[in-house]
Every structure is written in structure tokens, then in C-alpha cells.
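Take a look at the structure set out below.
Which chain is which? They are A, B, C and D, in the order written, and residues in each are numbered from 1.
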Amino acid sequence: MRGAWESRDDCPVRMYRVSKSYIAGSAALRDVSLEIRKGEFVFLTGQSGAGKTTLLDLLFAAERPSEGQILMLGRNIARLRGSAIPALRRRVGVVFQDFKLLQGRSVEENVRITLDVVGTPRREARSRVFNMLRQVGLQHRRYHSPESLSGGEQQRVAIARALVGEPEILLADEPTGNLDPDLSIEIIELMLNAATRGTTVIVATHDHALLERYHRRTLRLEAGQLAEDEARASADL
Amino acid sequence: MRGAWESRDDCPVRMYRVSKSYIAGSAALRDVSLEIRKGEFVFLTGQSGAGKTTLLDLLFAAERPSEGQILMLGRNIARLRGSAIPALRRRVGVVFQDFKLLQGRSVEENVRITLDVVGTPRREARSRVFNMLRQVGLQHRRYHSPESLSGGEQQRVAIARALVGEPEILLADEPTGNLDPDLSIEIIELMLNAATRGTTVIVATHDHALLERYHRRTLRLEAGQLAEDEARASADL
Amino acid sequence: MKRVAVILAILGRSALRGLQSAAVTAAIATATIAIALFLVGAFGLVVVNMEGLLDRFGRDLQITAYLEEGYDANALRGLAGRVATVEGVYSVEVIDKDAALERFRAMSGGAALLGGLDGNPLPASLEITLDDAHRTNEGLEILTSALDGLPGIDEIAHGQDWIEGYARAVALVRVSGYALGTVLSLATLLIVANTIRLGVYSRKDELGILALVGASRTFVRTPFLIEGTLQGAIGGLLALLLLLGAFQVAVPQLQYGLTFFLGSTEPRFFEAGEIVRLLLGGAGLGLGGSAAALIGWRS
Amino acid sequence: MKRVAVILAILGRSALRGLQSAAVTAAIATATIAIALFLVGAFGLVVVNMEGLLDRFGRDLQITAYLEEGYDANALRGLAGRVATVEGVYSVEVIDKDAALERFRAMSGGAALLGGLDGNPLPASLEITLDDAHRTNEGLEILTSALDGLPGIDEIAHGQDWIEGYARAVALVRVSGYALGTVLSLATLLIVANTIRLGVYSRKDELGILALVGASRTFVRTPFLIEGTLQGAIGGLLALLLLLGAFQVAVPQLQYGLTFFLGSTEPRFFEAGEIVRLLLGGAGLGLGGSAAALIGWRS
């Protein structure tokens, strides 16, 4: 289905001199350039307000860059027509910092949405959702509504929703902010597994314990600028 | 205004054999008893789903206990009439795990609500809000709406809203989940200051770094039961 | 007392901010109220003008009392004066024998009929009009029995059973007017309440958050009540402007048809009192609607 | 193809779940639609019955063509046959000279007038009724010019200018019917669109989240359109039941007034075709309303 040149590109995420200002005069993101390879697992860190969420928002076209070019899966997002956005998003899994779960729908339905939008048959969808929920330890809550879940449980539903479709790219914004250390490690392992299977993973996090434990490539933003890119530094070696 | 016997009680928070079941057969909280003294600063910890939020919800009467007695500021919450609840809540500051900010209102208005509900004159309210926002580092964003804030910024607005009224009790649910370590420390210091001024503070958190750094009394829940109460242990000494 | 003032100010500002922050919802609700009231108003205008029209028709309708022979002009005038005092009589006109003959001659075929006659076989008569309230079968009965008691009256005629026809028309307009008006008002009430309820519903998070930070029921509800009242009043005002505009546009458009059946009289718009009632009605609907919307809202 | 079926099934289920999860909002919206359609329906019923009433009134109204002297019965019948073929003529009745005299004698004062007469001065005549469509000034003109061409007709009379009066009444009902009907339909459209829009608005988070997880515009919108259509259709059904109930309750209540001015004829409810139109109208309104509500919704 995808153009040959797309799949040949081994960097599904490329940003070139990207800036983003929400309010004239103050930039949330400034001149950021980076490339992430297929199957790579990258941490994105930085202080509160540094621009982590903004960067992720740009990557799945929730916002448009003020300047610069962004190539996602070979497509230039800055030039993407509005009607082409859903197709991109169906190939990208996102864990939102505030979860964005559908209230009034069950946990199962929330996770299944990812499969519904691509038209997965009901039976297959249900079994995939069940497996995914088991991996985040919530299969017994699948018929409950998100309101009746604890903060950490809701976060895991959000993670399950992002992962169940086996996306080519996974963007996770603070996915362990409401999880205890043991669960955090479980969730990160889940994402590492996805990376092993070829998913490109970007995890925004404040959690220094995770950064230290996993020693993966880490992008650090400071007031919107890319202050540190450890992998790039190691590539220099 | 308050009855003399109330202010003489030096434990504004008392729970006696409290249980809470949302769904028949499975208890979110089981037989919890505890006392917290005026001006005390207490951490509440435990795995995701252990019952931390449930415990806090009971304390400000968002939920009713299934069993047991809860005394808040000398009043029995289990028996409180619905119309007496607002009066209690005006004396308790709460930082919600999901912030619960009013969208479509400015940061300033969100924080000022705490003062509005007790009828603080506008001028005084505005200056107190400004000071509070400065303490959480958001005075420059006071006219923006919460949607345009980063996750950590929203969390700090929620903290400012809880603290601006100088409550007698502060309940903070994962108040640093979206903050980087430096900011987390600043925020905890803010709450410690409040405790010094006589506010009783309960902070639910997963962040082991904080627990280790501050060495305060720590309540640990495990599947709804109070598995550890360090202060109680030290009181035994 | 100062604190009450402060809280009132806070609540008022809160209502305004609520309208602002939920501007689209508020605008839609206000528009709906305006439309509903416009409907009631348009219907009201039609009924008001139709009643005026029927009234004028009614005034043209007459009852004729034929008199016995041998009355002179003075006696006639005396009789007319007595008839004028009968309950329900609006005016009395005297038609003497000469005038009656004149009229008959003018009627089609009348001249031919009178050709071979000597003298004047036609009786003098009184032409009586009834006032608004008595233009019914009952009014007619009252008149008839009153005239029965008077000497000199031979026969009473009310051509072509107009009383019945007129009463029918009045009843038709009244009954369908009341029926539709009642239905319309009830429907408006429900629509406005529903609209405001949907508005409240779309802001249930806000209500919940307010309750969580310790706002009392009054504090949570008052701004919504104020908002509802404002929406209703503004809706009423919009409805009035719409009605005025529609009236200005429609009347010249319908001029031909209107002069045709309203005669020379211009159709009228609402009077000041009716306008005030419309606006108060709007505000009341908004207040009632938001109060209803908040009923059963757990705080 | 299979995939399309799967997606359609998903969308249908999604619509049902939407109605379920936003049950209160959906119920309020459906109720509002029901009320609005009830209003339109009630108005429609009144107009339909009023037109029937006017029609029956109209059929009683007659035009009289007076004939020249010297026509025998055969010639009369021949003339009547020719008049019956004139455009707009519904029926023709022959009144010969004897019948005319009989009638005149029965009129009040008639016997007195005829007292001194020899022979019969009254002319024979044809009493003509017009069909529905020609009961107007135009219809009358057509008739008049047609009769002018026929030999033996002396004069045409249409007592008491009834044509004008009747045309007035018809115009009154028609004009106010059309005006109110148009306003009512437009208002209903707007109210339904607004109501559904408020419903959509209260679920804007849902729309946003769906877009964020990669749902296409069609995927996001279709369930809302289905929901709107269902709400409209159910609203229409409820309106119909309400109308039927109201009709059953109101007709006996109004029986006195109704027999009075509807004569022996029973007021009628909607026919099958009209009922289908009401239901389809409801569904259409719901669909149109939700489509309008989604216009300009950024995905």
C-alpha cells in the first residue's frame, strides 16, 4: 500500500529547523532538527513548559509548525491537507498527557476505538483489545467506565489504546506520571518490546529514574530548544 | 465562628475503621484507621489502584464511607448533611489528580474561585491570587486559559487554587506527577511552608525520590489496607 | 451585609463570564428562545388583528325591527330612544316608510315588483347594531325579548342568519386561537427549558468543579439562573425585533390582500403593554427554564 | 466491500452507544423535536379542518341567473344543461316562475307585497354553485362572461356579495395559514438544528478525541448523523402519538363548539400519507439538524 520510497526511508520521524509559536513573540519550540530511526526508542525530557508536548503535537499534526519541515513516515506534515491527517494518525499511536479517554464508554470501547477507525472486524478487535488490556493489567476492568478507574488505571487504558493498533510510531506523553515505579517499568518494557517489533517510540518524561535505568537516546529540551541529543553525541564517536 | 471544642482538637483528620466499596464485593479501602495532627505533613503512597485517591475523596466528602467514622475538623463526615458539605470544603484545599480546572476561564479566575466562594472582595482576591501564582511561577500566564498551558503548568494552577485560600487542611493527589524534579521540590517546599503555618497536609505520591528526600511520616496503602504508617511506628518508640 | 454585596457582585460577574465562556452555547440557546417567542408573538399578532377584523365585520351587521303601521316620526324617534337603552344595543337607526321604499326600488328586480302597486306597502323599521359582547345568539335573545315588550314592533329580522355565521367565525378564531395558543405557549416553555437544560448539561463539568471547591448550592446555581434570565430577556428582545422587522416587511407585501379584507384599517403591531409582557415573558421563561434545568442537579 | 460493511456496523453501533452514553441529552433533544413537530402538526390539523369547513360553507353559496320571460320548461332544461358545461360550474338547479313565487311568498313581508298583484311578476332562474377552485372573483368573472353569451339570461345576482366575503374568509385562512405555517416550519427547523447542535456541543470532547485517534470525518460524523436522524424520527413518532392523544381528548371536549360550526361533519385526523410525511419530516429534520450542527466543526 505505501509508496516504495516511503518504506525505504529508515527514519520515519524527521524534523528540520522546526519552530512553533502559539503567541506572537514567544516560541514554544525553536529551531529543532532531529531524525529518529525506525524501531528506535527515544526519551524526550525537559522542564515543565520546555516544549515536549508541543513537539509531540507537531508530530501527529495536532498543531502546525510555524517554521520548518516535518516528515512523518515520509510525508511532509507542514503541507498535509486536512483530510489526509486522519490517515496519518491511524499509523501513529499517542498516549496523551491528560489521557483523553471517552467518558461514558467502557474501557474496552475506549481501547477498541483504535481498531474501529481502521475497520477491524469486531471479533478480532475484541480479542486484540483483551490481550492488550491484559498486558497493562486491566482485563478485569474492561467493562467499567474510565470515571470509575484510578488515575494510574486510566493512564494504562490510554497506553493500551495507543498500542493496540500496533502503530508504526508511538508518541507517549508522560505515560508513567500516575504510575508507581514498578508499574512504570512494566509499561516501559511494553514500549521497548514494541520498539523491538519495529515501532518507533518517543516517550516524553520527567522521571529521572527511568532515564537512568534505561540509558536510551535522550532528547532534552530547554525553553523550546534542543539542548541535548545524547544519541547524536554518541553518533559523533 | 468555630466551636471551641473543634479548635481544641489537635487532630483535624481522624479515620476510624473506614472501609469503602464502590462495587459490591471489592473494597477500594479496607478498615483504615489513622489520625493526623494539626500542621502535620504526611505522604500517602501505594501502588496504582491502592486507594490513595479514594482515601482523599472520603476526606473531603466527595464519597461517603461504606463503613467507619471520619472526623474532619471535628465533624463526622459520615453523618454530614449534604448542605453542610460546601462549608467543609471551603476549609479544605484539594489538588486533584486530574486538576479539574475550569476550561474557558483564565488561570487567574481558576485560582480566584477558592476566594470567590468565601466572598473575598475582588481587590484583595486579585492580589492574593497574584502572589500565589508568583509562588508557583505562573504570574505571567494569569490571563491565559488552562487549555493553552502545558501539563505541568496546569498542575501548578491546581496547586495554586488549593493553596490560595490558606486552607486548614490540604489534600494533594499526585501534585508533582507532571513536574520535573526541580519544580517538584519547589512545590513540596511550598506545601511544607503551609504546614509550618498550621495547615495539615496530605500528599499522595508515587515519587520515591520525594519520599526519600523528605523523610516525613508516610502512609502506605496496599490494596486498600494501611500497610505501613511510619509515624505511628516512630510514635511507638 | 458587605459580604452579601461582595458575593452578589461575584455571582453577577460569574454569570457574565459564564455567558462569555460558553458563548456559542449561550448564543444558540438565546436564538432558540428568540425563535420560540417570535412564534408566539407572530401568532399573537395574527390573532390580535383577526379579532380586530371580526370586530369591524360585526359592527356592520344589523338587526332590523319592522314596525306596525301608523307610526309618525315623533313616535318613531321615541321608540328608537327606548330601544337604544336595551342591554347590548350599540346603535339604532330609524328607517321610515319612504326610506324603505327608496331602498326597495334600488334593489334588483324591486322596481318591477313595485310597478303595479298603489301606496307604499313597506313598513318602517329600526336598524339596530349590537355591541361586541352581545353579537351572539344570547345577545340576540336578550334583544328580542326586550323588543317583544315594546309596543309597535311587528317583526324582527336579522337577514341571512348572520348572527349564527358571525358567532361561528368568532368561535372558530377563538377556539383555534386558544387551542393553538395554549399548545404554543406550553411548547415554548418546554423548548426553552430543554434548551437551557442542554446548555447546563454541556457545562456539567463546571457545576461539578464548583461544588468540589466548596461552592454552596446558591453559589453554583445563581449564576446559571441569572444567565438563563438574561438569555430569556435577550431572546425576547430579539423576538420583538424580528417581529417588528417581519411586520414591516410583510405588511407592504401583503398590502393587497390586507386592504382587501381589512378594509381601510391598517394592521396593528403590539402596544407597549403587550411588548412589556413579551419581554417579561422571555425573562420569566429563561428563569423558569434554568430553574427547571437545575432541579435534581446534585451538587 | 467487507471492510465497508464492518465499518458501517461499527458506525451504527457507535451511534447507538452515543445515544446511550448521552442518554439525557438525547432524550431532551428528542423531546424538543417531538414538541416542535407536535406544534406543526397541531397547526396542520387546524388548517386542514378549517379548509374543509370553508369548503362546505362555500358549497352552500349560490349564484342566481334570472331569465327572460317566455321560457318553457324544455327550453329551461336545455339552458341549464349548457350552463352546467361552463368552466367552474359545480351544479345548476332550475327554479321556474312558480317555484320563485312560492319562495317569495315564504319570505317575510313577501305575502303583503304580493297582495295587490295579478299574475306572477317573478322571473324564472338558475341557481348555480361553483366548484372549490372557482369560488373567487375570477371564477365569477369567467361565469359571468360565459353566461353573457347565452341567450335568455336577463340578470345575474349573487346575493349579499357573498363571493367577496367568502374570498375574504378563504384568503384570511390561507394567508394566515401560510404565514404562520412558514414561520412555524422555519422555527422548527432552527429549533431542531439548535437542539441537536447543543447536543453535539455537549459532546465536543468526544468529537475531538475521535479526531485525535485518527477517525476520518466520515467516521466522526456518521454516528452523529444517524443519531440525529433517529432522534428526529422518534421525535416525529412521539409528536404523532401526542397529536393523536390530544385529538382524542380535545374533540369530545370541544364537541359543542365543533358541531356548532362544523355542522354534522366530524373533524378529521391526518391521513396515512400525511402521517408518513410527518415522520419523514421528523427524520429529515433530525438529519438536517445534525448535518447543520456539524458544519464548521473542525475535525
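Definition applied: a contact is a pair of C-beta atoms (placed from the backbone, for glycine too) under 8 Å apart; a residue touches a chain by one contact, two chains touch by 3 or more.
Just so it is clear, the structure is predicted and the values come from calculations on it, not from any experiment.
For the pair chain C and chain D, there is no chain touching both partners. Taking each chain's centre as the mean of its CA atoms, B is the chain most distant from chain D. Rounded to whole angstrom units, the spacing between the C-alpha centres of chain B and chain D is 66. The mean-CA centres of chain A and chain D are about 61 angstrom from one another, to the nearest whole unit. Across the assembly, chain C contributes no residue in contact with two or more other chains.
Shared interface positions of chain B, defined as residues touching 2 or more other chains, are absent. Taken chain by chain, the contacts form a single closed ring in which each chain touches exactly two others. Every pair of chains meeting the contact definition is listed here: A-B, A-D, B-C, C-D. By the touch rule above, chain C contacts chain D in their complex via residues 24-25, 28-29, 31-32, 35-36, 38-39, 42-43, 46, 50, 53, 66, 108-109, 112-113, 115-118, 121-123, 155, 157, 159-160, 167-169, 171-172, 175-176, 179-180, 183-184, 187, 190-191, 194-195, 197-199, 201-202, 246, 250, 254, 257, 260-261.
Contact residues of chain B toward chain C in the complex are 60, 62, 82-83, 86-92, 94, 96, 100-105, 109, 113-114, 116-122, 161. Chain contact summary for the complex, chain A toward chain B: residues 22, 45-49, 52-54, 97-98, 148, 150-153, 155-156, 173-174, 177-183, 206, 208-209. Residue ranges on chain C touching chain B, taken from their complex, read 3, 6-7, 9-10, 14, 17, 21-22, 205-206, 208-217, 219, 299.
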